[in-house]
Structures are given as structure tokens and as C-alpha cells.
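The two complexes that follow have subunit A in common; it is paired with subunit B in the first and with subunit C in the second.
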Partner chain A sequence: MKKLFLTLTFILLLSALFAGSALAQDKVPTDDEVNAIAKQLYCPVCENTPLDVCPTEACRQWRELIRTQLSQGMTEDQIKQYFVDNYGARVLAEPPRTGLNWLIYILPPVIILAGAFILFRSFREWTGRSKASSVLSAERSAATPPAEDDYVARLEEELKNRK
Partner chain B sequence: MLAEFGYGVLVVSFIVAIYSGVTAVYGAQKKSAALVESARRAMLLTFPLISLSAAVLIYLLINNHFEVAFVYEVTSRSMPTYLKVTAWWGGQAGSLVFWSWLLAVFTSAVTLRKWDRDIEFLPWVIVVSAITLTFFLGMTVFFENPFARFWLVNGNVEPGMFAPIANATLFTPQDGQGLNPLLRHPGMVIHPPMLYLGFVSFVIPYAFAMAALITGRTDDRWIRITRRWALWAWLFLSFGLVLGGRWAYDVLGWGGYWGWDPVEIAAFMPWLTGTAFLHSVMIQEKRGLLKHWNMILVILTYALVIFGTFLTRSGVLSSVHAFANSPIGPFFMGYVTLTLVVSVALVIWRWPILRSETEMKSMLSREALFLLNNLLFMSILVVCFWGVIFPLVSELFTGQKVTVGPPFYERATAPLFSALLFLMAVAPLSAWGHSTVQTLGRAIWKSVIAALVVVVTLFFTYTQNIGALIGFFLVALALFTTLREFWRGARARQKAQDENFFTAISRLMGRNRRRYGGYIIHISMALMAIGILGIEIFQVETQGLLLQGEQLNIAEYTIQYRELASWDSQSEGVNHTRAVLDVYENGIFLGQLNPRIDYYFDSQQNMTTPGQRSTLRDDLYVLLVDWQPVSSAGATFKVFVNPLVNWLWLGSLLFLIGIIFAAWPDRDPAEETARRNVIRSNQQTSAAD
Partner chain C sequence: MTETTIPKRGVPLWVQIIIWVFIVGLLALVGVILSKRQQGTVQPGDAIPDFRLPLFSGYEYEGRSEVKLSDFQGKVVVLNFWASWCKPCEQEAAELEAAWKFYEPHGEVVFLGADYVDTEPEARAYLKKYGITFFNGPDMGTKISQLFRIRGVPETYFIDQNGVLYFVKIGPFASVNEIKSIIAQKNP
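For the complex of A and B:
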């Protein structure tokens, strides 16, 4: 009786295993599904090569790992988190938006806006000043016409005449 | 013996470079023409000296002298001779010698020219060139010696120039490691020299800028000389960047041309400041404005050239700790800092005499728009610089390594590049000195309507993607306004000179090559933008395992896997694996593709060569990813369809044509007048006869 029970359990377990693998095989993740995630990851060894196109053996194994994880039903975010937990934030294509990393996102726009502001203010200053001394500057620019401008001016002149 | 000779010559060139710099400073101080002449000759001497040293290195490379560590690292017996020669710049130590050699070529060229008019610049141009040359030669002499050899010391192999202990013997390995297969590509043979040429030739404009600051001669003369050199430097750098992109597309096997890799960005950054300079220099020439800013741009370009070399050479990119351990890292950093501080100090010292001659009058004038263009280029530079530096900052302060990859750069630079495209459409229409919304509007409205027609057509026939439509609108606008500039100019000339259209357009362009070369470059940029929009927005890819005879569909294409062969080529030291695929489009047979993987035994590395089918509409780009060696029944392919990407290459070609057109030396106006006078006087004499 006990023997029968054991055999039954064994068969049951085995069939569950088969059923499980058969279930998994039903939806083996395609290469494209794997690559969609791998594209966003960078292995720590091959610098600056995204995982989906990295030809090394290590990266091939990582891609297989992603495939396995996908077949286990893990989501994209979970898989990415798994790699971050195991290999650090550098596997991501961009630094995560935490702590010091905010600097990378904030500093460039701040500098660019500051540059734009300085330029704008200088414009205002220049144009303001030149309005005050417009007569003088007009005289000066008329007095020293740069050589190449002659041609441009003539071109403009001709075009006007044509109209 | 030969290695010692090569090293000896290198050391001598190092000393000669130092002599040249020191003598030039002293000569300038004492106003001694003899000393300056001596410095000039010493500078000229560096060229044959470094050439000799390089010739020795090439001889060692060609003749398999594997006892020399550098030769061992970059060559192997199976490599063809031409690759052994190009292995000269395939590794760190050799490429530094190459850098020095190019610099010697350029400085010799500069010192050979007629100096009557600019004699006061000469000593300082020599000083700056000599300092740079000394720095690079010093690096090869002290840290990265390409002639260092392997020594057998008590059974261990140690590298070093000379025997570390008395009874050490030379060790010669059987074969070398061979060049990285990725570098065994015709594109790679010419791409690094072009980049280096671009890098090195930016040293000359910098030298002139410094000379102008030091002598206080800040009239237009330096900017004229500098502009010409900068244009050529820009030509080489652009050529290098374009070739690098094409090489990546053909060899790196990821279906792209630009990966925002720090090494790429290192070369891109001086290009950005150089481009900004080439635009803002026009403001100085035409309006006498922005002299400070132009100085700063030249200095920045130089600093970025050195910084770029440093980034790619010091190992700092893989880790800040690698930087600390590598001897050249701190050396480089020190040099960049020092030159930057000294240069900026000089600008501040000369600040008063660099004042503008006129004033900015209108926010829509050409000069104002050029400034906006500069702001955009600088903004892209900020993004690139910070993106490259940030991982180092992060590692330094938090110990956490991070990657700054394409998504960051693409998001940050896309609006900036779009704004540049827009400016490219508008700026050529605005006038120097003064423009108003009305004048600009009158000049542009026809092009705007034409561009809108294009976009509406595209909306109904090609794409509904908003980003793409905005991009195509800007491209069309830039194209139309630029083409219209050619047309307007030619028509005006036609009318005035009574020429036919083609004569008119060729004479028009010939009269002002810089202007119309610039416009050709603008058109090429618009074409390149089409390609970039295509591949960035519309690229599709798929990957799959195919059994023999099986098919895979992507876009309108079907590829069918026919067969695969793998064989060894002993003479090349390579195992080739090559697949044969049939390609169909909507059921019609188009031809076959042969994606390939070559495995190099010596360096134990793969090289992936895609099968490509290129049309102006798109590229079908197939990579062999994997295969079953035993049965050869199945193989995995990665397939990309890259729409419009060939417009990028077409644009690149036109880009180079445009720069050459613009940079082609004009006759010197002064010489031209002199020549005419001579002709006239000759005619008069003959008439008198």
C-alpha cells in the first residue's frame, strides 16, 4: 500500500513536472522578447555594448537567463531589478534617479539655461547700448565695411532692384 | 639593437623639442632673430627625427620583432604587411608616436611658410607647438615606450627598455597577439589617422591664438590664419568621425553608426567647439565682435583635443582607479589643467585689447543668430561632457559605477539638434547688422509653405509619427532655404552679368567659396538628418533561429536560410563561417546575402560582418548570431531594417565635398593684387616695346 502510494506520488510529481515544462514550452520567450529587455541592459564586462548585441559568451548566458526569467513569468521591471541587485546600477543604460545621480539630469539643463540667460542679457545690453549710440556705430560700420561684405551687399542690392 | 636606436632617436627628438621651445622663448624675450631662427630650425629637425624613429618602429612591426612588447601586442605572423604597418597606431604607445609625428609634420609646415608678415607671431607659435610636442614625446620616452622589450629575469619575463639586471637575456615570443580583428578593416586603417590629423591640426590654431595673446597683436591677422587652419583641422576631424561611423556600421555588428560611446564623444567634443568657432569667427571677421569668445573657443578646442586623447588613452573610462594606477593619467590631467589655466590667464590679461569694434544691434541679425548657434553647440558640449564625466564623478564620490548610455544623450540632444536645424534654415536669410521679423518672414515664407507641403505629403504616405514629422519639416525647411540661396544668388548674377544659369551658379560659388561651401555643408547636414531620423525612429529588428529552408519576415522583406559553411584559412589564421540567405521582397526574389563571422586564432576574437542590401529607401542588415556547428542545421540571425540610413552616408559624402570646397586655399588677396600688378606692368612694358 505504502509502495503504491509512493509510486503514485512519484508519477504525480513527474507528470506535474512534465506539465510544468510543457506549459513553459508553450510560451518560450522569443529572441525578440529577450532582446527587448537585453537592449536596455549593459554587462559590467563589455563596456558600452548593450546586452542584446554583445557577442561574448557571458552576455549570451545573460540573455538565456533573461529568457528563463521571462518564462518564469517575471516582468521586465523585475528582471531589470534582478540585474541591478546582482551587478549594480551600472547595468542600466541610465543612472537610476536617486541621490547624487540626479545631478546628471539636472546640471546640463541648469547650465544651458544659465547660458541662455547670460546670452539674452548680453543681447539686451548690447542692443540697448547700440540704440544709445546708434548714430556713432552706424558711422563706424559704414567707415569700415569688411571686404567680403561688399559682394553680399551688392547681391542684396541686385535682388532688391530685381523686384 | 634597432630598438635601442629607435628609442635613442625618440629621446633626441624630445630634447630637440625642448631646445626649440626654450630657445624660442628666450629669442622672443631678447628679440634675437638668430635665436628664433635656431628655434625654428630645431623645430624643423623634429620632423626627420621622429620620422626616423617611426621608420624603425615600422621596420620592427613588419619583421616580427616580437621581443618588442608593442610589436608583440599588435601584430602576429599571419597579418598581412599593410596591416602590420597600420598597427603603428593600433596600440597606445605607437599611437602616441604617431601623434607626435603628425604634430611634427604640421609644425614643420607652419615654420616653413613665409613669415615676413607675421614674424612676431613666429617664436610663440613655435613655443606652443614645442610644448605640446614635448609633452607627447615625453609620454613615449618616459611612460609609454613603444620600443620596450621583454627580458628574461631569473625565469620570469619582464618588460623594459634596458636589461633590468646584468645577466638578463632578451625574450622573443613565438608569435604576437595580433591586432584586434575589429581594427583589421580598411575603415580602421584610415579612420584613426584622420581623427588624429584633426586633433593635431587644432594645435596650430591654438598656437596662433596664444601667439596673438602674448604679443598683443590682436588685429584680424591671427584670426585669418587661424580660421584657415581650423577649417582644415575641422575637415580631418569630420572625416574621421564620418569614417568612424561607417566603420561601426560595417564592423561592430549592432546595426548602428553611433553609440554615444565615451570614445566617440571624446572625438565629438572638439568637433563641437571647432564648429562653433568656425561660425563665430565670421562675426569677428565681418563685424569685429566677440574676440574674447573666439579666443575661448580656440582654447577650449585645444583643451578638448588633449582631454579626448587623455580619455581614450589613460584607462580612466573603465575606472577611476585605472586612471590613478596608469602613469600617464595624472600626467595628462596635469597638462590639460596647466594649459587651460595659463591660456585663460592670458585671455584675462589681454581682455581690454580684445574689445569689440562695433556693437550688436538686433536680436535677429546674422551675428545674433550665430551666437544662438554657439549657445546650442555649447549646450550639446555640456551634455556630452557631463555625460562622459558623470560616471567618474559618481564612482569617485559614492563608489557606485553607473552607465550613461544612448537614452540619456538622445533625449538631451534631440531638441538641441532640432533647434540647430531650424537655425540653419533661418540664419542664412538674416542680414549682418540688422534684420527684423518682417524681413526674415519675407525671405522665408515660401520655403515654409514648401516644407509644409512635404510634411503633409509624408503624413498621408509615410508616417504619422509626430517627432518624425517635426524632424522632416525642419529638414525640408533647411533644404529649401539653402537651395533658394543658391538660386537667388545665381539668378541675381545671371541678370546682372548676362550669364547662363550654370555659369552664374559656378561663378557665384567660386566668388565666395567659404559661404557656398558652408551652404553645401548645410545641405549635407539636412541629408544626414534624414538618415538619422530614419534609423532612430523607424528602425525595426527581429531575431530568430532558422532551420535550413525556413523563413523569417521583417517589414516587406522575407529572408530564407539556405546553407552555412565553416572553414579554416590557415594562411590568414582565421576560421570563416558564412551563411547564405535568399532575400525576397513581397515574394519577389531580390538576391542573396552572406552574413559572416570570422574567428581570429591569434587574438581569439570574433569579427562579425553583416550581410547588407542598401537602397535609398532602407538597408536590410543581417547578422549571423549563432549556429549549430555539428549539424549546421540551424542558425540564429539578427535582422535590422534601417530606413533611410543611406541618406546619412550620402550626406556624409556631400559633407566632405562641402568642406573641401570651402577649405580649398584661395589666392591670398595681397598676392593676387601683386600678381595683377606684375601682369599689368609686363603688359605695359610689352606695349612700350
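For the complex of A and C:
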């Protein structure tokens, strides 16, 4: 009886093990899982169209390839590397940080910083000028008393005459 | 009367020079890239730099799984870019194979197929479907197609015995005779 129980337990364990591995192998990756990787890739044939929404036959084949690779247990990075090896780095939505590609990452912040610097300098210049000109006009008005102003004197005289 | 001078402040000269050098450099770079893109394919008369083509298993050349253009010096090379997803490629598949069968016994002309942006299972199915037997392999990293600056598939490049391009065919061939007449220019 004990022997029969042990045999049955062994068979059950063995069948559970095989069923588990069979399930793992049969698991077909969903469209969402495929597209999560596909949207990070661009097919060189259809420029500017991400792989997940590209309607061409070439892109459909690529998506199927991703599905196959996912079902084989390849990771996202391994799949992306496969595509780079086979079709070149230009298939990546985010170019690798090498060579001239660095310009893409460096230029925008450099341009923004340079623009901010120029703007800051210009503001300082403008505020400096307006302050200086207001000081200058104040000094001028202080330096020229109303009585000494020929024009004001003539105006006052004419007003007096009218009265 | 007191004279007050407004201090003149602006971007220092060295910063201006750096900015201008940077802008001119950037424009030059964009110009070079754009002019390269506008160049079109390589032109007849251009010497073709050596390149490597890995071959699909079953399509090896003398038992080798990779060939170089320089391996075929002294022979006319017919380099055909194709893909399994390319409908016009199907139109010329039979013609290319027939032409290859015509030249294969003489050994003076070599046909190479460069499979462009394709997946291997579909590529193999295509080769089997059209009974293609000449040397074929994937254009790994699209390096060869970039070297020839191809615009699409099918495109076929005829390279003479000295490694100089002498004819470019854009689109599918209409007949075997068309292929033969182009080869005959260098291999009468």
C-alpha cells in the first residue's frame, strides 16, 4: 500500500513538472508584449514609422520575429541587440550614445543653456541702460533749473502778456 | 552739467566667436549629411570598396559561409538586393535564377543575393519558393546597402572584373535577355 502511494505521488509530481514546462513553452506573447518592444524600433524601409504601428509586410514580419524571440525566452535587451546586429543601430528609436549620436544628447541642453545665458546678459544690459538713462534724466533736470530754461521763460512771459 | 556715460555691456567676444564657430560647424555637418542623402546610388565608373557578405547555410560559396567582393576579382559580379516582402522582387526571381544557371558552368560570372531588411525564415521560404540557387545571404547591419546607397529593392549592381561598377538596374528585370545583355558588356 505504501509502495503504491509512493509510486502515485511520484507520477503526480512528474506529470505536474512536465505540464508546467509545457505551459511555459506554449505561452504565446500577447500583442501588447510584442508592441512594448516594437515601439522602440523603426524599420529602415518605413522611415519615421515605429514598428508597432507600421502596416507594411516587412514590419509585420519583424513583429512576428519579436513574438518568436519572446516565446523563446529572450529578454528585451537581447531582442533589441539582435535587431541592431542584423539591421544596424538606426533601427533603434533611441540612438546609442556613441560617436556623432552624442550630438543628439548634448546639443539641446547646450543650446538651452546658451540661450538662457544670452537672455540673462541681455536683461542685465537692458535694466542697466534704463537705470542709467533715468539717473541721467534726473541729473539733467536737476542741473537745469526751470528759471534758466529759455523756453519756459518765454512761455511764462507770453502767459503773463495774455492776462 | 554732469555727463554720465552708460556702460556698454554685451556678450563677450570670445563667447560670440565660440557660438559662431559652433553654428557654422553644425550647419556644415547638416550640409554634409544632406548632400550624402541626395547623392543617390553609387554611379557607374565608381570603384566598389571591398565588402563582406555572410551566406545562408545551403548557399555557401566553395564551402565558405562568408564571401568578400575581392574573392571575385577577374569575374563579373551581379549583386542583387532583394527581400521576401518585396513584390517586384518576385517578378525577377525566375529571370535571375535562369541567368545564373546560364553562366554558372563557365565560372566567369558570379551572382550574389543580398537579402535586405528581412527575417531569415521568410527569406529562406522565398529562396525555396523561387528555386534560387545562387549565393545568398543577409545584408547584416544593412552595411552593404548603405555602401551602395540603395533606395529600395530590387536593385542590381553589375561590377566588372576590376571591381568597378559599370551598370545599375533599379527595379525588376523584364527578361533573362536583359540580364544577359548587361553582362555581355563586360563578358562577351
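One rule holds for everything that comes next: the second predicted complex is superposed on the first by the 109 of 163 C-alpha atoms of A that agree within 3 Å, B and C clash if a C-alpha of one lies under 4 Å from a C-alpha of the other, contacts with A are read in each partner's own complex, and residues count from 1 in each chain.
The rule is short, and it goes like this: contacts are C-beta pairs under 8 Å (C-beta built on N, C-alpha and C of every residue); 3 or more make two chains touch, one makes a residue touch a chain.
Note that the structure is a prediction, hence the values are computed from the model and not measured.
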A:N35 contacts which: subunit B (first), subunit C (second), both, neither?
first
What is the contact status of A:Q61 with respect to subunit B (first) and subunit C (second): first, second, both, or neither?
second
In the overlaid three-chain picture, which partner chain does A:G88 touch, first (subunit B) or second (subunit C), both, or neither?
both
Using the touch definition from the top, say if A:R121 reaches subunit B (first), subunit C (second), both or neither.
second
Can A:K27 be said to touch subunit B (first), subunit C (second), both, or neither?
neither
Would you check which partner chain A:N101 touches, where first means subunit B only, second means subunit C only, and both and neither mean what they say?
first
Greater subunit A contact set [subunit C / subunit B]
B
Those residues of subunit A which subunit B touches in one complex and subunit C touches in the other:
44, 88, 90, 100, 103, 107, 129, 133, 140, 144
Can you name the residues of subunit A that touch subunit B in the complex?
30-32, 35, 42, 44, 47-50, 53, 55, 60, 88-96, 99-101, 103-104, 107-108, 111-112, 115-116, 119, 122-123, 126-127, 129-130, 133-134, 137, 140-141, 144, 146-149, 151-152, 155-156, 158-159, 162
Seen from subunit A, its contact residues with subunit C in the complex are 43-45, 56-58, 61-62, 64-65, 84-88, 90, 100, 103, 107, 114, 117-118, 121, 124-125, 128-129, 132-133, 135-136, 139-140, 143-144
What part of subunit B is in contact with subunit A in the complex they form?
253-255, 259, 261-262, 285-288, 317-318, 357-363, 368, 371-372, 375, 378-379, 382-383, 386-387, 390-391, 393-394, 397-398, 400-408, 412, 431-433, 488-489, 491-493, 495-496, 511-512, 515, 541-545, 606, 608, 626, 636, 638, 669
Looking at the complex, which residues from subunit C come into contact with subunit A?
1-2, 4, 6-7, 9-11, 15, 19, 26, 29, 83-85, 117-119, 122, 138, 140-143, 146, 152
